[in-house]
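Sharing a structure, written as structure tokens. Questions coming.
The first chain written gets the first letter, and so on, giving A, B and C; residue counts start at 1 in each chain.
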Amino acid sequence: MLKVKKLLLLLFAVPLLLLVACNNEDETSAPEMDKEAMENFNETGYPIVDEPITINFMTRKPPTTADDYNDVLVWKTYEEKTNIKIDWGLVPSEGFEEKSNLSLAGGDYPEAFYTAKFSDVDIMKYGEQGVFLELNELIDKYMPNVKQLFSEHPEIKKALTNADGKIYSLPTVYSPDFTSMTSNIKPWIRQDWLDQLNMEMPQTTEEFYQYLKAVKETDLNGNGKADEIPYGNNSVAGLIGWLKGAYGIGNKGRKQGFVDLDPKTNKLRFYWTTDRWKEMLEYINKLYSEGLINKTIFTMETNEYHETGSQGLYGSTVTTSPETRFGRDEYVGMPQLEGPHGDKDWVYVTAPVVHKAAFVITDKNKNPAATARWIDYFYGDEGAKLFFMGVEGETYEETDNGELEYVDMLTDNPDGLTFEQALRPYITWLGGGYPALVQSDYFKGAENSPASIEATKKIEPDIIEETWPSFPFTVEENQRLAALKADIEKYVIEMQDKFIAGEEPFSEWDKYVETVEKMGLEEYMEIQQAGYERFKES
Amino acid sequence: MKNRGLSDKTFDRINKLFVTFIVLIVVYPLIFVISASISDPGAVSTGKMWLWPVDITLEGFKRVFQNQDIWTGYRNTIFYTLLGTLIHLFILLPCAYALSRKELKGKKIILWFILFTMLFNGGMIPTYLVVKTLGMLDTVWAIVIPNVVGAWSILVARAFFQQTIPNDLVEASKIDGASDFHIFRKIVLPLSLPIIAVMALFHAVSLWNQYFSALIYLSDRDMYPLQLILREILIVNQMGLEEGSAGVMESLVEQVKTASLVKYAVIIVSTLPLLIVYPFLQRFFVKGVLIGSVKE
Amino acid sequence: MKSNGEQLNIPYSKNRKFYRAKKNLFLNWQLYVFLLPALTYFFIIHYIPMYGVQIAFKDFIATKGILGSPWTGFDHFERFFNSYYFWRLLKNTLAINFYQLLLFPLPIIFALMLNELRNGAFKKWSQTLTYAPHFISVVVLVGMLVAFLDPLTGLVNNAIVALGGESVPFLTSPEWFRHIYVWSGEWQALGWGTIIYLAALAGVNPELHEAAKVDGATRMQRILRINLPSILPTVVILFILDIGKFMSIGFEKVLLMQNSLNSETSDIIQTFVYETGLLEGQYSFAAAIGLFDSIINIILLVIVNQIARKTSENSLW
């Protein structure tokens, strides 16, 4: 028996030792730019480097993009311009999370991560350890476009700054004036039904209710069946996002889904337990229980939503654009509704920084300055034009009034390819998550269609002035918050649906509030408060 | 056979009836998937299509086969599956047989050694590091080796051997001077065709369906297995729902429709080869009769 | 228990045990060689990475590696146990698994039935067809469920309404979740599950049947007295191994079927791990819960194996 024990001990000890041994890999020294690299590098002008260099990336590759980025027109063009060759290290998007983690754990991570979408927690963790390079100085010295962006929109800089006051990542950022993008999910209504019912465009929650009721009671499509669905969707999120503004809650935008600023006290508040939240749920519950909302709203799949939508059965909905999703043109955008207390704010707007870490430079990078200049380009007009539109004459043309348009070969492909398929050899922005500035002049995606812009005009006057990004938390705060979120946020969302569906009566409201408090709301708010203060001061 | 009484006849009928009933129930989703892959997606999602195809379209298959990578995918997957299954059997069968023998000492420790791996594992990261250290990254071995055999198969195969290999036969052969190698080759393997077929099938199917190892261990696109290619096709066709990611205009409506067609077409494309292979394996399930003949 | 060593006349001594072991090794060395490939494989691919289990007691930071990450003790476990949802998660996970376990006999029964079919096209087809649904992905399966059970347009509810009943919101009621989950799983897996039993049945000695026929046993009697006992060892082993995986449910299907309204019964440990893990990339937390599951599994496994050994001849060890 003793022998067996010894043997077992050996069996377990050997691998441990082995791994201790192979884990003590080379400690990489901080990337001092060596002289040679600096001599090769040009601080301004092009090419960025005199002698060609190669930088290796790890890139999240959405399946819509080309299989080899070095064959893509945009990148070929840019390589010629800069003398920098990129070794892209493409990883299919669904495996990126694991792959990037494995590379960080195995110590063989690349010089930079592209279209990475690292979480705030990861940015902070790896930034603190020096794996992700601090970018403040690089931005200052070599990134004029980012710098200009910061000075024009200080909120973007704020959003990127972490709890330790440093910036470790570059974002996917929507230009704040591109409102049709920042408020891309909007309410829509069937204009022809309004006309048939002889109703004006609803301006208040009460008028909206009247419209829904009228749709329910009238056979508007004249097929003899009561198949009209006054409000239809495959999730309640859109409706709530829109109605929040009518009840004066969630007033700091979509990125802050749980806290906002109490207008009375000017303090941070958890708005999911406020009376206003309750009132809003009561309103939606009324719609639901009277059959004005499709009963399948909690379970419906996207396909079915689109299918029913394409039959024109919805009297109203909240989505990006019924034109592109349902292929129906009877829908027009709706304004922000006014609530019972006179609130009328459009709060369903996202902060400009949508992905905080679309790009990071690691400590393995041998040419941080060159890399910085390389990526900076895409935060300026010229780079954005190249990135989204490609090369003039090949992929786009300028019309007489100065607008940019993709060439016919792409929009109406002679080989019958869809627009996305035709674009594949030329650009790589399809799939999202890219580090670049999205502006309406150069971005010809779905959010920039005429109907979307038209609808945006209706809500534009009511858009809130300030949108908060996510707050900067320290690593410890993040850890604590993760646990609290897992309980509190999960619970309130679940209860929201139950209240709406009438599974939970409103008489239980007090108990609900009590439960949330018991789950540690106080601590949750303390952490949020700390993050908020840090955000305010940055 | 003459002696089959009335009750046996009724038994036959009732049995047949039951089996037919179950087959009908179980086969229904199959028909649904086939029909859905060629029906108008609108009719599918709204429940109008529930058995036979409605408004037939081949757009889904067209989309799947538009992708040239799919053939490389097939080739790779077939190669991985064949190689992996062979190695699987090569490791599994001797081990399971040895464990089924009474004369093997220290069985309990060995069994626990194996069983333990079913209950605990070190997780993805250390496994990756081992695979990397062994130099298997970006080779076929990374796909084939890390899950080549599991505790489950060994223990099930062992139970089969214990049950079907007559102990007397083995002992008699041993006394006649036959080596274990010889016994294994000449007696055990021929007697165990059903379990070999089952184990090969199970492992082949899991290899056929796996995509995650490929995702982690392979970076060369030319080595991607079929499932990874199919997942890409599937996701490509569901794109456009994330903001800032999609192209323009009308195409989205059509795109969403093809997405659901593709969803069903992909299942057919990926399973058809397995369904074709199955009847061939099936023959081995009835080879049990051999026992008698070997004994003679 | 007769072993080769005992037949040899060895005088009793302290060394006897050792001597016998040596003798055994000498006589049966080939059997040990048979074990080698498998044991080497398990050692390298499974045991060497086993040090990764400690991640559950650490705060994993990728660049520091598993060994270099700081210890946190039982923090992750405490967090899990202290979660508001802990009991609900545990209850639901156990309930679904017990339910599934109740259906364990179905593939056995179906295999016995298939086995009784005389060879021919019908047998062949019924086997091939029933095994095919195994390959339908969960996304599609759940898609089908949603379509069939839709309160307005779904086949099932249309039938209920046509028969004078009232439409049932199957997918949003907590009472229905388990039934739908488990039975739809069985629907898909039944044919696949029979394969292994069919293989076991193929190993039944035909002489036994011949003898029984001569004795005038009916088909039913032969199934119960010959076929069933013959495959019983396989059944027991499979049952024990099933128990060894008791706590693991594929989260994908549950996640797809889950919504706020049915989460009272549909919220399970695996979906919780997925959601919280996904949220923050918390490898350590997920590993801690995984370890918790493994420990429950191992306890159950030992208990069930013990029972099996006492009540039947068959057990894993």
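Methods note: contacts are C-beta pairs under 8 Å (C-beta built on N, C-alpha and C of every residue); 3 or more make two chains touch, one makes a residue touch a chain.
These numbers come from a predicted model, not from an experiment.
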item: B-C compared against A-B, more contacting pairs; value: B-C
item: From chain C, the most remote chain by mean C-alpha position; value: A
item: Chain A and chain B, separation of their C-alpha mean positions in angstrom; value: 39
item: Approximate Å spacing (C-alpha centroids) for the pair chain B, chain C; value: 16
item: Residues within chain C bordering two or more other chains; value: 47-51, 62, 66, 143, 147, 150, 283
item: Contacts with two or more other chains, residues of chain B listed in rising order; value: 45-46, 125-126, 129
item: Two or more partner chains touched - positions in chain A; value: 19, 101, 105, 301, 304
item: Touch list for chain A against partner chain B, complex; value: 4, 19, 22, 62-64, 67, 89-95, 98-99, 101-102, 105-106, 172, 174, 181, 184, 301-304, 306-308, 310, 320, 324-327, 354, 411, 418-420, 423, 429-433, 438, 443-449
item: Touching residues on chain C, where the partner in the complex is chain B; value: 1, 3-4, 21, 24-25, 27-28, 30-35, 37-39, 41-42, 44-53, 55, 62, 66, 110, 113-114, 116-117, 119, 122, 124-137, 139-141, 143-144, 147-148, 150, 153-155, 187-188, 190-191, 195-196, 198-207, 213, 216, 218-220, 230, 233-234, 237-238, 241, 244-245, 283, 287, 290-291, 294, 297-298, 301, 314, 316-317
item: Footprint of chain A on chain B - complex, ascending; value: 41-42, 45-46, 106, 109, 124-126, 128-129, 132-133, 212, 215-216, 219, 221, 228, 231-233, 235-236, 239-257, 259-260
item: Contact set on chain A toward chain C in their complex; value: 11-12, 15-16, 18-20, 23, 97, 101, 104-105, 107, 109, 119, 121-122, 125-126, 129, 131, 295-296, 298-301, 304, 478-479, 482-483, 485-487, 490-491, 493-498, 501, 503, 519
item: Contact footprint of chain C on chain B as seen in their complex; value: 3-5, 7-8, 11-12, 15-16, 18-20, 22-23, 25-27, 29-30, 32-33, 44-47, 50, 90-92, 94-95, 97-99, 101-105, 107-108, 110-115, 117-123, 125-127, 129-131, 134, 145-146, 148-149, 152, 154-156, 159-160, 162-164, 179-181, 184, 194-195, 197-198, 201-202, 205, 209, 263-264, 267, 270-271, 274-275, 278-279, 282, 284-289, 291-292
